[in-house]
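Have a look at this one.
Labels run A, B, C and D following the written order; every chain starts at residue 1.
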């Protein structure tokens, strides 16, 4: 049955209205701005619990944190694994924040399904089709990051692998692409947000942390993502960025993040009005 | 004597505070959001006067319009030339809006200096060093667009050619870069806005029209630029986009533009607060 | 023990002399030019046997053919799977040509190890670290293709994942990168060949078929790869390109391929002299 | 009359057979491989005369050398100007080698026309349409380098500006494009050679020096260009690379260049046979 019949499942032709669903009490898609935040990697119980409580207090919606890290070098810290998942689950218990975390192979995906609320498939695995299909047979929403050289159409075809296995809940995420430009690690392609909204009913988030690399610029790009109409943002927050085990320079400190959240909400409400006008 | 001594003139090291100056009564740099709008090309007196009056009415700050068009193909419409400059000057008389227009060689630059208020050097001429130096010996502010494969550092070095000849009033402008990505004509690199603000005291604008190519996406990216902290936006507006002699699909119609301006102002005011908090 | 100590295993610092090994009777690395050819996908016994016999006759060294195809769309032909591997093994029996074929997950990798001589990890899986480590615990040489947006350093770090698990036999392969350029599907980055030779002792091949997309251009780029000093080329050959089940336009027809092989050999012998002179 | 009628002048549709012409006694286009070499910049009479005599001795065809250098920074060495042109003319007198040199504006173009044999328009000026049209009204062949983010079609449209003014002698040149790849300064896009040969009758050269940046890699890429079927190569040679006033690391020393020329000739003769076979 590997034949394309009619419109692709991810396309607006197959489904005109926005896909929208809830994770815990958080509604994703369909209008509002979802703020997902947390540390790059789960490092300790103290770290993840203190971040989660802080995030809860300033109004974040979802908790992110890596237990399994896909690492370019075999010699880098790969995360706490199953132990990290258990710590995330404890943070959810303590705060009520649903947990988003990354799976890097079938084994970690199964564990994520037991302990998390949304399973992330990272940019480097965007075309790991075996993993996509496995996630499509699971029950958790899939947070699918755009590969660093993937076109929008390729991202949608990767989503199609998930949808085609029976799981309709996919969240797309722009996280920066590879270009010649050197002032940032990746070039955040914000114009993919309105382009995706024309092409698909799936919600699209933006993660400015890895691309931008410096926390001050991350805030500017998060505001820009909200203004561009993103369904959500994913941000790295660390209680003490200078001590982070990975990617500390791009993590926001708590005070800066608290201000950012209120500005994000203000921009999202202007944007909602804008969208209605534009229609 | 062509030797680099000390800090480059465009750098924050040479000048810590933001460069700010007025064009007519419009202040550029130093905090507010400047809205520069108009048609891609001046086509007729009726067209440019009606656009200018409309723009004045909805609160735009500067009038843009091309009299000299650098065209990839020798067979495309190259603009009305000197006649176009005279029509722009008439639109300024009628509305008070200062005029921004592009020079493509020394001859057109001299004419621009006689009839316009800001002279634009386009992306394709960003490394036309003879033209840059000539603009540096002139008296008008220079609106310098980033080349489609220029790094931020190369853009700043092109500005340096102008500054080094004695003209301190340069406005930088992001207009999209060449990447593999196919959903838009160019990839608008909004993260260059905070990066430029760290590196230079010169104001940086964003022109989302050419990169994004479709008017609905242009509006989203203009809002994103304002949220990212740009000093201004440059937008294509045409009284009847479907009849434009060039680039009609990316031009905004008057009604959509009027809504956009008020949303831009609202986001700029949130962003101003955000910037103060981030400092 | 996930700590980088001293030189990376793939680097020239860790091993100055070229890595060289045999697959069947074919020596890979250390000077000669290896010609690996065959169809994109194994389609039938008749197809693969006739191609293999032809290749044997014109002096190719290795037989390639896909049994498991990583497909961007879930609706595309995914290959014959295990059946395809058995057909490849039969072609090897008939001709003596060692077989190179792609694994896309742990399951297919195990089957490849049983039936093939070299296991390929494709561009889309270059950072599928679980698969790399699994291949590093296996016994077959690994043919590792550069991801379409991977830097040379990232390619070498992916090789490091294999080496670090105990398998020293890795062949690198350039297959084209993502750029703005539109005249070809990918931009073949031939200058990575001398760059890799400086950085690593591992052999580097070039596959011009997917990047170039048209068989006439494929031949030119194969000759260029040989002149650039590549350790081998991988080429698509199909008995009747117009009837191929995938990627027919880039497959070479037998007659053109036969001429190409003799030109490749001639250039490789000039190149060998050149390399000795350059040292 | 700015209307595209029928086939573009640069296209194969407008002219099926290869454009071929002589510069001095050197035939360009139509089959052979032209070797153009010399220093990045003319520095002194002793330097340019000694290089030219050496090049003559080892069989180079054309002498290159910069008198006017377009420099990214206003503080870099800009060349000897008119004095450099006079030194190049003296080197031609002494050796008979025709001279290729770059013009950067109308003034330098007029001087080049008086003193040189081929006028180069560099990558940064590929879309300086005023300069292109001026060169199209001149009598010298135009050596037109591809911009670092120009598509093949844009390069051909820039050539069209020259042809359309009445000058039919244009040489195209690939010199590397901007990509994410970091192992070289630019990515040499050799596959543009067969692509250009399909699209246009104009000859296409390759300049591997700036892209590759290191002299040892330059030699590999020059050989690859010859194998790809380029009509010529442009190479930087300096009598003492370590003392060059600009770009010394990419300049070849005389001994290495002498070996390279004979290998280039050997590959070109194989390639000629290959082309005939491919037809």
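Just so it is clear, a residue touches a chain if its C-beta (ideal position, glycine included) is under 8 Å from a C-beta of that chain, and two chains touch if they have at least 3 such contacts.
All values reported here derive from a predicted model rather than from experimental measurement.
A.B. asks: Considering only mean CA positions as chain centres, point out the chain farthest from subunit B.
C.D. replies: Chain centre farthest from subunit B's centre: C.
A.B. asks: State the pair with the higher C-beta contact count; candidates are A-C and A-D.
C.D. replies: More contacting C-beta pairs are found at A-C.
A.B. asks: From the mean C-alpha coordinate of subunit C to that of subunit D, what's the distance rounded to whole Å?
C.D. replies: The computed centroid separation for subunit C versus subunit D comes out at 34 Å.
A.B. asks: List the centre-to-centre spacing of subunit A and subunit C in whole Å, with centres computed as mean CA coordinates.
C.D. replies: Whole-Å distance between the two chain centres: 34.
A.B. asks: Measure off the straight-line distance from the CA centroid of subunit A to the CA centroid of subunit D, and report it in whole Å.
C.D. replies: Inter-chain centre distance comes to 48 Å.
A.B. asks: If a residue has to touch 2 or more other chains to count, which residues of subunit C qualify?
C.D. replies: 149, 177-180
A.B. asks: Using the touch rule from the top, collect the residues of subunit B that touch subunit A in their complex.
C.D. replies: These residues of subunit B touch subunit A: 149, 151-153, 177-184, 187-195, 198-199, 208, 211-212, 216-217, 219-221, 223-229, 256, 259-260, 263, 266-267, 270-271, 273-274, 277-278.
A.B. asks: Provide the residue numbers of subunit B that touch subunit C in the complex, in ascending order.
C.D. replies: Those in contact with subunit C are residues 149, 178-180.
A.B. asks: What does subunit B use to touch subunit D in their complex?
C.D. replies: These residues of subunit B touch subunit D: 2-4, 70-78, 104-105, 124-125, 127-130, 133, 147-149, 154, 157-158, 160-161, 164, 177-178.
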